[in-house]
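The following pair of complexes shares a single chain, subunit A, combined with subunit B in the former and subunit C in the latter.
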Partner chain A sequence: MIRQKKGWNQRLFLLCCAGIFIAALLGITAAGAMWEEKALQTDFSRKNMAPCIQYPFGTDWMGRDMFIRTITGLSLSIRLGLFTAVISAGIGAVIGVSAIMGKWVDGVMGCMIDLVMGIPHMLLLILISFAVGRGFWGVAVGISLTHWTSLARLLRAEALQLKESPYVAIARKLGKGWGYIAGKHMAPHLLPQLLVGTVLLFPHAILHEAGITFLGFGLSPEQPAIGVILSESMGHLMMGRWWLALFPGALLAAVVMMFHVIGNTVAGVLNPKQAHS
Partner chain B sequence: MRLEANNISFQYSRDGRKILNNISFHLDSGERLGLMAPSGFGKTTFCKILAGYEKPDEGQVLMDGKPIASYKGYCPIQMIWQHPELSVNPRLKMSEVLKEGRRVEQRVLDGLGIEKDWLRRYPGELSGGELQRFCIARVLGEGTRFLLADEISAMLDLITQSQIWGFLLEEVKRRNLGLLAVSHSKELLERICSRMIYL
Partner chain C sequence: MRGCSHRGLGRFLAGKCVRMAVLVLLVSFSAFMLVSLSPVDPLTANVGQTALGSMSPEQIARLEAYWGVGTPPIRRFISWAGDFFRGEMGTSLLYRRPVALVIQERLANSLGLMAAAWLISGGLGFGLGIWAGAKKGGMADRILCFYGLIMASTPGFWLALMLLMIFAVRLQWLPVGFGVPVGVEAEAVTLADRFRHAILPAAALSLTSISSIMLHTREKMIQVMESDYVLYARARGESFRRIVWRHGLPNVMLPALTLQFGAVSEIFGGSVLVEQVFSYPGLGQAAVTAGLGGDVPLLLGITVISAWIVFGGNMTADLLCAAIDPRLRQAQRKGQTS
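After this line comes the complex of A and B, so read on.
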């Protein structure tokens, strides 16, 4: 208590940033969901317009408002990201934590993790998406089934370490059952990790969604997805229509960055070791 | 009641050195036994085996003639670990840590000098000595018959040491517990124990 507490410390600043970012992401998601029809509207009287006040992101060769298309695409990406991140985190949690059930189970789970990790992400993603039949579900299933490995490894290491820790051994000798230990000793360590891991899965999932769609194995071309927008704009960049790629790309990067900040803030807030910084 | 170990041998890895070789010992209720040995002679390992944290390769540990593995639930032989920072979960408040012990009396908390204010804190906000008091209090709940104190005062200053040992001796006497005190300080053991053994 020697140092006087400042009103505006780093913790508060990060929390404010995270709050604003969450609001922004929610805004994008809601706006995109509302504009889904509008994003498909073509109007040949306003095609190929450079960014102006009325169309801040310009329009494309079919006269579609790029601002609305971008927001709708991001909205779709965020919703897809939410869905896949939650499923992925769930798989990761089950596989990771089940390692404490014994050597044999741990061996099988470790093998599964290595197997999925060993194949390049994008390749496996394309294979699964293709097998499921592309489109929304292809991407959703593909990302969900490929992104759990790092989180599973993290949780596995943490759970194994907890299981061997002196305080768990002491609790056992004090007559506590495994249920108590899971709830009181393991959950306070694992849940924050899981939450942070889930939030940090988002940007990964969104980028891979855009990537696979860009390559043509993901969402169908008529959907206003970021990957579709970016791959379509490729052909027009040569003709000097830079706005078709720049703004959607920049906004995608911004969304990814926002998720990153939110994830790191959550991690900092949940860690009592950093409670005073 | 009597806690006894018969011909205990133990090694950590198959081709490793034998840490404990054919050791036997007994400890009765109300007795204060000192265990002395230099570093690396298996004092902590011996305590872990007696308290049931480790299984000996050979020999057995009996309490009242029954193997200690047959005591389910709360173990009547409780060990106080050398490193209090590792013995409490950093994410649990101290009040939760205390609750793990079985109905620890207020008298014990007062005797160890645990302040009310500390209960609301996390382990990271207490010093090693303060944490050690919680670790001692935690194993002094109902049902403890034998207490194994593994170098519990090595990190404490002399005043705190004498306060804690004074309370522990009083408590051991009052409840007729058996105490095994481990240390490499001969002076300390000679002061508190009625009998000494050397590994």
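After this line comes the complex of A and C, so read on.
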């Protein structure tokens, strides 16, 4: 009994954490969207300042407030991550579930999954970005087209298993159409998986967005993206301006971690097997 | 593993090889099509706008024929793939040398780095995962879980930047970048020099790749420890060490092997970023340069080579599993006799 009570508390604790994190992420997104012009403001009277109370993250060589730049960059990353993760999850759902349409379709889809997984992620992003012609759309298209594979695999396995399950077979024998079965028997199993998979896609999408932007394929240098900030800071590390790289990256890691925790919490809450723990 | 239960080892191998060849062909085809989609005009990119303006129409037509402007991408692909198959990968536009040579040189630098990161992250991740999973809920488990979460959230290149800042700029223990010391002749570079230059990139790469294998192994280990056979072994009075060694290890090893060989692709991707931070002259850095500079032959060459490496890793995992797993061995023997 005592263990059960403790477990319930842990569940509540995780839910509270997730709630706080969601609020924090929303706050960052909103603040960044509002500060977009402020982030580009240069003021040469305050350049190269180490972190202080007025500028908690310091300022760069053009006198831009690094705190505001970082928040704006994160906001951009979160919005781009949401956008690409949702599209990617959509692709994954279509490809994964279409596996039940027959052996031939399944074979083609499996081949597509292997194909996308066969090229290292970063290299595929470079290729797609090159094909689209770099810039914002290069990143958006690249990340949307490359992150669906693991989710598609998961949903495929689940859908195939469902198709073979006794209750689906019985429903077929009772003369129910595929539409009915899909809505009544498959969706309740697949939708939670899809939701969790989508949330857990964000961290990857955001990290890869930062990476590809860092390499110089993504957003233009005027955009206050985290990748741009970090790649600019490389030239200034040698002069001991550590704050240019430390804080933006640490905050990015924190944002990604919040997404991880939210995803795991959602997974735990939706999983009926863990409902008692 | 799937699909091999009713075939002999020979047929299993042959099937894998055919599948791999088809996939590599498909990868090269898609990569080629992607690159042909690019709005970058090969003439203006390689000859230059001003030089083009001063040329006669005949010269431009000759150049267009050379670069394959106007030829459908399918025909260009066939001629490129045919050359590639014979070992002619074309000439890199940026390095002005045969692509095969550039890749060979870069791969030699990268392979050491990637192999080190792969071995360190695999070995450490597996060991730590078993430790954490065997003592679920303990102090070590909590610390390792937290570490795994942090590392899964940290961009590898940022960690590389931090290492660079601490160990190279502040403490000056290790070199700042590049594969060899600056201003030293190629012959004078010792193995120790190369090693010193590879420490930081390899560390950044291994530290971030550890988390997935560690968390996965932990998960599997917890399943094993909660299984009926471990309960029975406990009831028989087997020691904890023996349970982990005899029951845990063999059951956790196979999925971990598959995962770690599958992680080759992730490590390759990570090395692209880490090499960029350290200006390490590896394959990843060449890919970035080729992508930014529009060096199509080099970019395609690197894509195909990396696909071979990734599929090779997956196939090695399948083969090792088939060789180690007694269940699969038995299934194959049955398949041969029936």
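In this text, the second predicted complex is superposed on the first by the 269 of 277 C-alpha atoms of A that agree within 3 Å, B and C clash if a C-alpha of one lies under 4 Å from a C-alpha of the other, contacts with A are read in each partner's own complex, and residues count from 1 in each chain.
Operating definition for what follows: contacts are C-beta pairs under 8 Å (C-beta built on N, C-alpha and C of every residue); 3 or more make two chains touch, one makes a residue touch a chain.
Not measured: the values here are computed from a predicted model.
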| item | value |
| --- | --- |
| Contacts of A:Pro188 with subunit B and subunit C, given as first, second, both or neither | first |
| First (subunit B), second (subunit C), both or neither touched by A:Gly179 | neither |
| When both partners are placed on the shared chain, which of subunit B and subunit C touches more of subunit A | C |
| Contacts of A:Tyr167 with subunit B and subunit C, given as first, second, both or neither | first |
| Subunit B versus subunit C as contact partner of A:Gly102, first or second or both or neither | neither |
| First, second, both or neither for A:Ala131, with subunit B first and subunit C second | second |
| Residues on subunit A engaged by subunit B in the complex (per definition of touch) | 165-167, 169-171, 173-176, 184-185, 188-189, 272-273 |
| Touching residues on subunit A, where the partner in the complex is subunit C | 111, 114-115, 117-123, 126-133, 203, 207, 210-211, 214-217, 230, 233-234, 237-238, 240, 242, 245-246, 249, 252-254, 256-257, 260-261 |
| In the complex with subunit A, residue positions of subunit C that touch it | 23-24, 26-27, 30-31, 34-35, 37-40, 149-150, 152-158, 161-162, 164-165, 169, 176, 265-266, 268-270, 272-273, 276-277, 284, 287-288, 291-292, 294, 299, 302-303, 306-307, 310-311 |
| Subunit B to subunit A touching residues, read off their complex | 51-53, 73-75, 78-79, 81, 83, 86-92, 96, 100-102, 122, 124, 138-139, 141 |
